[in-house]
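Below is one structure. I have some questions about it.
For reference, chains read A, B, C and D in written order, and residue numbers begin at 1 within each chain.
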């Protein structure tokens, strides 16, 4: 019974330590994944990375087995979101020894699924979920409108700049790269308009486009505030008493 | 009667399928528009694009005729916003066979009107409309103030950089290009101040200007939240019960 | 009496036309100011610009005299904000004929004061004013904190990059240019870290700094919403009935 | 008694002057710190900077001694946040005369602690503190998710661009530099994708990533509004009567 609490809850000291240990292993495993791509890697480091990989696979496998063992409804856990993530985090390793070599690269990429294990420990993920539900329609609308804005910007700049820069603005598809880099304000500087018409067009595209492309971010932020409000109202979430924003409670 | 429901509503399964089919045709037609601008296009691909264009024209024409047929007030539909969009989406094709060749390029651009047909399917467009109405005055004010900020920035940098970079900052108009790219934080890197005075001036321009130029985005996002609130209050919009933000309802 | 209404109010048709006429003259005068800086300007254009300047000076002078004439308290208008702006908009022209030539350049810049005349026509400027009052303290705090963040970023990058790029990061002052361009996300690309330490430092600077430097914008936007709320509550501002956000009214 | 008020409070005129004097000394001392890094500095200027440093050390030491002297609980002040900052602001100077030369560079950097002394004078820092408490969970969540987004972007671009640009995208760590510069929209332009696959991948990364990476800023801004609301409700904070947003008070 206590074993189950350590693994599934994080209210006891042992439970928190277990969670921290798993999180540390996830991060270590992701860092070693990235380190393995370094070009000038010594054989000793490569050996060390392999050992780290073996140890983390062992830990994740033990965690997966333990989670199945303590689950009340075992099949339900196995096919739940986090159950599948836990499985995908270790599966590539076991498959890599049986399948032929060509599939290994994709299997290695599947190790990245481990990152999603980090989300389990965040209670706020539920809040994000309800925030996305609140702003669902606007987000969809602004995705469509933002897509249209980027497409129109690409078509427009293509007509202005195609003649002056036939390489950089070779087609509407090539111009899309400029439109994305500009409307997200990244502005690498590898392509930019040089004609007067193209510059004036860019001016208007930016004036209108920025308001469109960056609105979704504001929507998510304001929906998150609404979701926090909503959650605070429901009974059982009283651990935010002192800091919570009491926007709508009558002060009497 | 059922035919009318399929075309005008999207609550039945057939209605939703009809909408999805039209949306798919719109996107396909826009992609083929963009593909036609590719420089190294084979005759076979060009043939394929022509066929796609013919098919989508046929579908849009059939849709337009059907919408007129099912409309209760036919003239009203024809001169409504979406009725005109539907017409402009097919008109260029029929005109291109009758008018002389020079006008064809502009007619081809008119095919982009099809993108606006996508908006029909979004119920949230109404909400955007009322959000713009809520924040109308501030948006107008900040457009004027943002225009002033960009103009002042261009005049200032012209006086600082004109001597050091007579090519890039040749006049206030040339400097406007820098002002737009900087205050929207795109920063291509094709023009930037090199004098100490110009850099210090840029520092102050950014400190003040960013707050001005990027406020409209925040205004739209917060007005959208207000519009969602407003809509939720009105009777008949109860399909958001579980996720809606209940900011102002007394919890008793 | 009717003359006074035309000039001071914009509710009648004549009043609105008068306002539009003045606004058009302001914009024309600013465009001709910018056009005068163009390098390859023909004598005919220069002549035209001079005539435009003379006409706008005449219009602004007539407007200024008329505003004094219709004002109930003439001295109070002359020393009010808009009264002084109106004076500064025409003063440089009259001074330029009396003072020596060296001061003319600065006098020409003073013509830019005309842009502020545009603000008179915006009723929303009052709302911006109360929004700035609402968020005054946070804006001040975040200006100090943002200044500190930029200074710390400059000192840090100086220590990381000074040896590798002694030209670009010659001193903390030189590094400030990089810090401003980076934390405002402009990123011209004229200076950027090349050492591993400098890049890792930039990563942390961006993670922390963005949250600091771009908060003021969010503050202004949310304060503007609050100001709109506040205004709507006060009696006499009922022209926003249909669109206003009714966040806090009980729906019964 | 009056001496204590001047130092610890800023309600009297002398108290405000004392605060302004200390703030001026802090800024002067930081500017002279930055000036000392200038490459072509004359011996006279260096002498001047030394004198400024000596004077500010003298002022800060006097301030520190005075604050201890007037504190009711002296030990508590010494080990308080501001007490330690005050100590660290002067300690490096006194240590530099006793320790060996190698540690001096780090000691010099410690002079930057003086900047934190500026925070003492901001009453709004308390509000920021409670804002961070309100949005604590979302900020933590979005830090984790933003970290994951940057990591995934780096891994993805590594696989797309590694072959085409083996120098710039040499490993996942090298690609992280691109991911940070892109997702924060800085976009220096020193590294960017050149393959079609990399550009399409960047498009999707930006569409999803921007919403994730820039949400925390929106969260801080909206939490600050909530914190202002909260503070205004509590008795004793009535100095914001005229401008405060009365969002939740019934107007009757």
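Throughout what follows, a residue touches a chain if its C-beta (ideal position, glycine included) is under 8 Å from a C-beta of that chain, and two chains touch if they have at least 3 such contacts.
Because the structure is a prediction, the values reported are computed rather than measured.
Q: Would you kindly state whether over half or under half of the residue numbers at the chain B/chain C interface are used by both copies, giving same or different?
A: Copies use mostly different positions to touch.
Q: Averaging each chain's C-alpha atoms to get its centre, pick out the one most distant from chain B.
A: Greatest centre separation from chain B goes to chain D.
Q: Averaging only over C-alpha atoms, locate the centres of chain C and chain D and give their separation in whole Å.
A: Those two chain centres are 27 Å apart.
Q: I need the residues of chain A touching at least two other chains; which ones are they?
A: 176, 185-189, 214, 217-218, 221-222, 247-248, 250
Q: Please categorise the chain-chain contact pattern as a line, ring, star, complete graph or other.
A: complete
Q: Write out the stretch or stretches of chain D touching chain A in their complex.
A: Checking each residue of chain D against chain A gives 130, 133-138, 140-141, 144-145, 148, 151-152, 154-155, 158-159, 162, 166, 170-173, 176, 182, 185-189, 192, 199, 202-203, 206-207, 210-211, 214-215, 217-219, 221-223, 226-227, 229-230, 233, 247-248, 250.
Q: In their complex, what parts of chain D are in touch with chain B?
A: Contact set of chain D toward chain B: 185, 187-189.
Q: How about chain B: which of its residues touch chain A in the complex?
A: On the chain B side, the touching residues are 30, 33-35, 37-39, 109, 112, 115-116, 118-119, 122-125, 127-128, 143, 146, 176-177, 180-181, 184-190, 214, 216-218, 220-222, 224-225, 228, 242-248, 250-251.
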